[in-house]
Amino acid sequence: MNVQATSAAPPAPAPPATGRPSWAWRRFARHRLAAAGAVLLLVVFALAAAGPMVAPYSPERVSIMDRLRPPDAVHWLGTDQFGRDVLSRVVAGARPTCLAAVIAIGIAAGAGVVLGAAAGYAGGAVDGAVMRAMDIMLAFPGILLALVVVTILGTGLLNVMIAVGVSLIPAFTRLVRGAMLSIRQREFVVSARAIGCGSVRILGRHILPNVWAQVAVLSTTALGWAIIAGSTLNFLGFGVHPPTPEWGADLNTGREYLNAAWWMSTAPGTAIVLVILAINFVGDGVTEALDPALRRP
Amino acid sequence: MTTQHTPRPATSAAGARVTRRTLLAGALGTGGAALLGATRTRTATSAPAPQGRLVFGMWQSPESLDPGTSGLISSGYISLNLFDPLIWHLPGMRQGQEYFPGLALRWEVSGDAKRYTFHLRRDVKFHDGTPFTAEAVKATLEHIVNPETKSRSAITALGPYSHTEVTGDDVVTIVFKEPNGAFLNNVATSGLSPISPTALKRYGHQGVSQHPVGTGPFKFQEWVLGNHVTIVANPDYNWAPPVAHHQGSPHLAEITFRIIPDASTRFNALRTGEVLIAENLAPTDVQALQHASGYTVFAAPVTGMPYSIMVNAKRPPTDDLRVRQALQFATNQEAIIEALYKGIYEPAHNIFLPGTLSYDPTLDKMYRYDAGRAKSLLEEAGWKIGAGGVRQKDGRPLRLVFINIANFGFDQISQLLQAQWQDVGIQTDISAQSFPTVAETYNRGDHNLADFFYYSVDPFLMRALYACDQVTHGFNWMHYCDPQVDALVTKGNATADPSKRIAPFRQAVRRVMEAAVVIPIYQQRAVFDASDRVQALRFTVNGFPIYYDATLRA
Amino acid sequence: MGAFIGRRLLASLPIVFGVTALVFLILHLIPGDPAQIMLFGTDATPDQIVSLRRSLGLDRPLLVQYGDFVWRLVHGDLGVSFISQRRVAEEIGLVFPATATLALATMVVAATVGLGAGIIGAMYRGSWIDLAGTGFSVLGVAVPNFWLSVLLILVFAVRLGWLPALSEGGARGLILPSVSLGWGFSAIITRLCRANLLEALGQPYVSTAYAKGLRAGAVVVRHALKNALIPVVTLLGLQVGNLLSGAVVVETIFGRQGLGSLAVRAIQAKDFPMIQGVVLVVALVYLLVNLAVDVAYAALDPRVRYG
């Protein structure tokens, strides 16, 4: 689980705020994989929103008579060990899975932006303290941090995601700080300061808007990590409380039925794989669209 | 109380300990076939040189190889082969006889069950060459009671130990402060098996756990932490119990206990031939092996407590007897078996397993699935149907906290129960904590429902499970205290005469069942899935494989 | 260079102590009493539990306990495991080589796949080869480790019989676990390597190389790759913690001993000294690896100087 794959993202120097969004968008749309990924993600988010309403059956309804049915006309993706419709569980699982990942990223990005901005803008002692704290968190193995957080807070989807989110904080902090440092020296910031703008104003009006793009890119990638990390914690026995349908938990249950009922793990597993692939393609597309350095013949 | 009482978790979510109802090979249980085999082969006493390496896929790491220390079944699986008990308890191996000589040839019990005298064999040597004597028995028991040892199972199995009297080299008397009727059954398990006094002196109370020196048919060779333990044949072994198929050294040259935490990997390693026998496979995989050629599924009956749900009698709303009874009636064990262990395990309706002394089949009728009765009991207790079909009282929903032991084999069962109970208007919140953390949670009483089972060779197990003084730091996770049960259990242990012990234990069981603090789910067995190359495997009364007679077909 | 390493080591000390302080604090936030867990099932009375807690020093103020821990730490003593009663340093020492071997093999797999797909992707940018290479490596990160491991076992051990399902000592047993773990890491390397190569290929010195008549392959390998590798190496250094996370899963599924499974067991059992020991060792490895990465810069990039 790539809990703290951290600086995976920020190879590119801070892109300047792309003046003409439509260009960026066109570049993105030309990236076919990214476009496909975006469509898939939209579908998933739509499912997450519509949730159980579009599922053909109740995802939690137990029906022992129908257990472990292979895919057929009635149950397109078969049934699980309790006779629950696998398709319905995958569809209904979109919401908890996505919501959880979004919460984790929210925590990581929120804390990361605040800490990173503080460190990058204030510099000096604040910077030193924040970055040493991040060094400590980075040196602390992510999975252990997550396990310990879950041990303290107890199991359950939300707690798992808090655990994952906390372990992703350093990635965002470092990214934001790095971006801030480079932007701080840019002419428009220097001139803003020269004409007497206050710190808060500079931060809010000039610096942060330039950081968002990168935070957005990292967030997309981190969304994938969060889903994987969550499923790994499920594997270790710290996950959602049944009978909530969640892809990681269902995949882990299905793994134990791999020999008897391959479809049980295939469905949620494929959902995870597709979503993460989509996230990655979208991430690549966004990066290429925003980063002029990569726009070369 | 028991040799191995610490949870024997099943890795698979589906509960894993699945079985075949037919007993195979030399599994204990019914006498006939095993008896015939025994007498026939016993005439051929000359043993060929040990050959073959057996690899056993074990789900959990042992924490110690000293039977006096460990509480884990995985440790017991290994140490049973390294150490011999004073006597063997092997019911079913020979008609009309349950106990057989081990390191002791004869034994006597005083009428008050306070003094047990053993007459020892004189021809036995420990693996390190130390001769086995009465002093070794004494040293072992003193090792167990020494607080430094931090003994788990063995100290409970030993009971109210006072001291050991040595009368010459070959006579030893174990004296108890209080009557200990359960001792004969307990001394026949591996927990109290003698350890070399030389090794005890050399390695110390903790050190012997890594340097186990016993008298058993196999000798310790190596322990690679977190990976495997290897034991090899003891060529000098010549003191097998009389019901063994042969005498002399064991047939197998070497056994490796390979630690493989993941159930699917154990199954796959069995299929690739990397292990020849494995435990705790997913039930669907066991079912697949039953129908596949080339495999044998061993299913040994065990004694003690079935796989059960423990209901907290202190924490609301299960502090109300009617709510607990409603849970009993709302539970459909047959449906659970149908869903998870079809045609493999038997549903349980008693807090004892059938093989346990004083098991009373008439009590099985006390609670049978009856949703209507469950509903009326809940109504009676003031829980009325509210929003979403969940019952309410004083504006609060009927919501139970169900804390599973992680990877213990209850994940699926608890979800089925959740669905069954929902039908009568009970909401259940399921979570899991890993052992041993969960034990503390249970002791604190944060749960309404806990899961557990308890292997034991004697009904005195009730002491550990239901005694008032076991509530906050023992296994009494029902937080249930009935002084009358305590008194009955004490009475049942006041004699070693089985016929006199049965009545008080039966009464105690009835009281516990009437209090509805345990919901039995299924009668587990010790299930081992093996390549059909593994032959002549036998099992102890608590389902531990005995490898002494086992062979590997080429 | 020596002075640089010395200074970096010195700068790492506060981080090491920060990590120990953090883990210490967190451990004491975990609800639950190790003494009770240690004595669970031993028939111990509450008095005995209290006295064990005292003898473990758990009844003292937190600061005193931490001071004691640090004092013993600087004397090279990591304490004794609550569960196995073995010395923590000894037990970690026993399993460390297994994890280190797995980590190295994983890095070899990740670097081979990642650099391969990255270089090809950059050279044939936009072609189907680029797509396939990137897609392949990204697939590694998209498939949850525990699922991938089981699928690999099913295909290569059970169906084809080429490799063992269990990870034993030899190299054969290392292949499946390291592929399972390394594939995921290869995605990050591919992406970074490809992006950096593309950037490098646009630099004047590359044009110069082309102008000199060098073939594309030679240009990439001799000139562009060297510069593109620097961020890749940095990234690998930061993956130490992640490796351990992956190792937890892979060790469990392939039945390998190692730091990952040791850590999980320790957390479950509230084995404080063992948790502290594992975290400390991983933190040290992390710091040392990243120091080594910085030093490696000098080899890869002559512009970097250490004063």
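The letters A, B and C name the chains in turn, as written, and every chain counts its residues from 1.
Following the convention adopted for this analysis, a contact is a pair of C-beta atoms (placed from the backbone, for glycine too) under 8 Å apart; a residue touches a chain by one contact, two chains touch by 3 or more.
Quantities reported herein were computed from a predicted structural model and do not represent experimental measurements.
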item	value
Chain whose Cα centroid lies at the greatest distance from that of chain C	B
Chain pair, A-B or B-C, that carries the greater number of C-beta contacts	B-C
Inter-centroid spacing, chain C versus chain A (mean Cα positions, whole Å)	21
Averaged-CA centre spacing for the pair chain B and chain A, given as whole angstrom	45
Distance from chain C to chain B - Cα centre to Cα centre, in angstrom	39
Residues of chain B engaged with two or more neighbouring chains	264, 434, 437
Per-residue overlap in chain A, given as positions that touch at least 2 other chains	151, 255, 258
Residue numbers of chain C (touch at least two other chains)	150, 154
Sites on chain B touched by chain C in the complex	5-6, 61, 63-64, 71, 147, 150-153, 155-156, 206, 209-210, 224-227, 258-262, 264-265, 268-269, 271-272, 274-275, 434-437, 439-441, 443, 472-475
Residues of chain C that touch chain A when the two form their complex	14-16, 18-19, 22-23, 26-27, 29-31, 131, 134-135, 138-139, 141-147, 150, 154, 184, 187-188, 191-192, 195-196, 198-199, 201-202, 231, 234-235, 238-239, 241-242, 244-246, 248-249, 260, 263-264, 267, 275, 278-279, 282-283, 286-287
Chain C partner contacts - residues on chain A that touch it in the complex	1-8, 11-12, 33, 132-133, 135-144, 147-148, 151-152, 224, 228-229, 231-232, 235-236, 248, 251-252, 255, 258, 265, 269, 272-274, 276-277, 280-281, 284, 287, 293-294, 296
Of chain C, residues touching chain B in the complex	32-33, 36-46, 48-49, 83-86, 91, 94-95, 150, 153-154, 157-158, 161, 164-166, 252-258, 261-262, 265, 268-270
In the complex with chain B, residue positions of chain A that touch it	62, 64, 67-68, 81-82, 151, 154-156, 237-238, 241-243, 253, 255-261
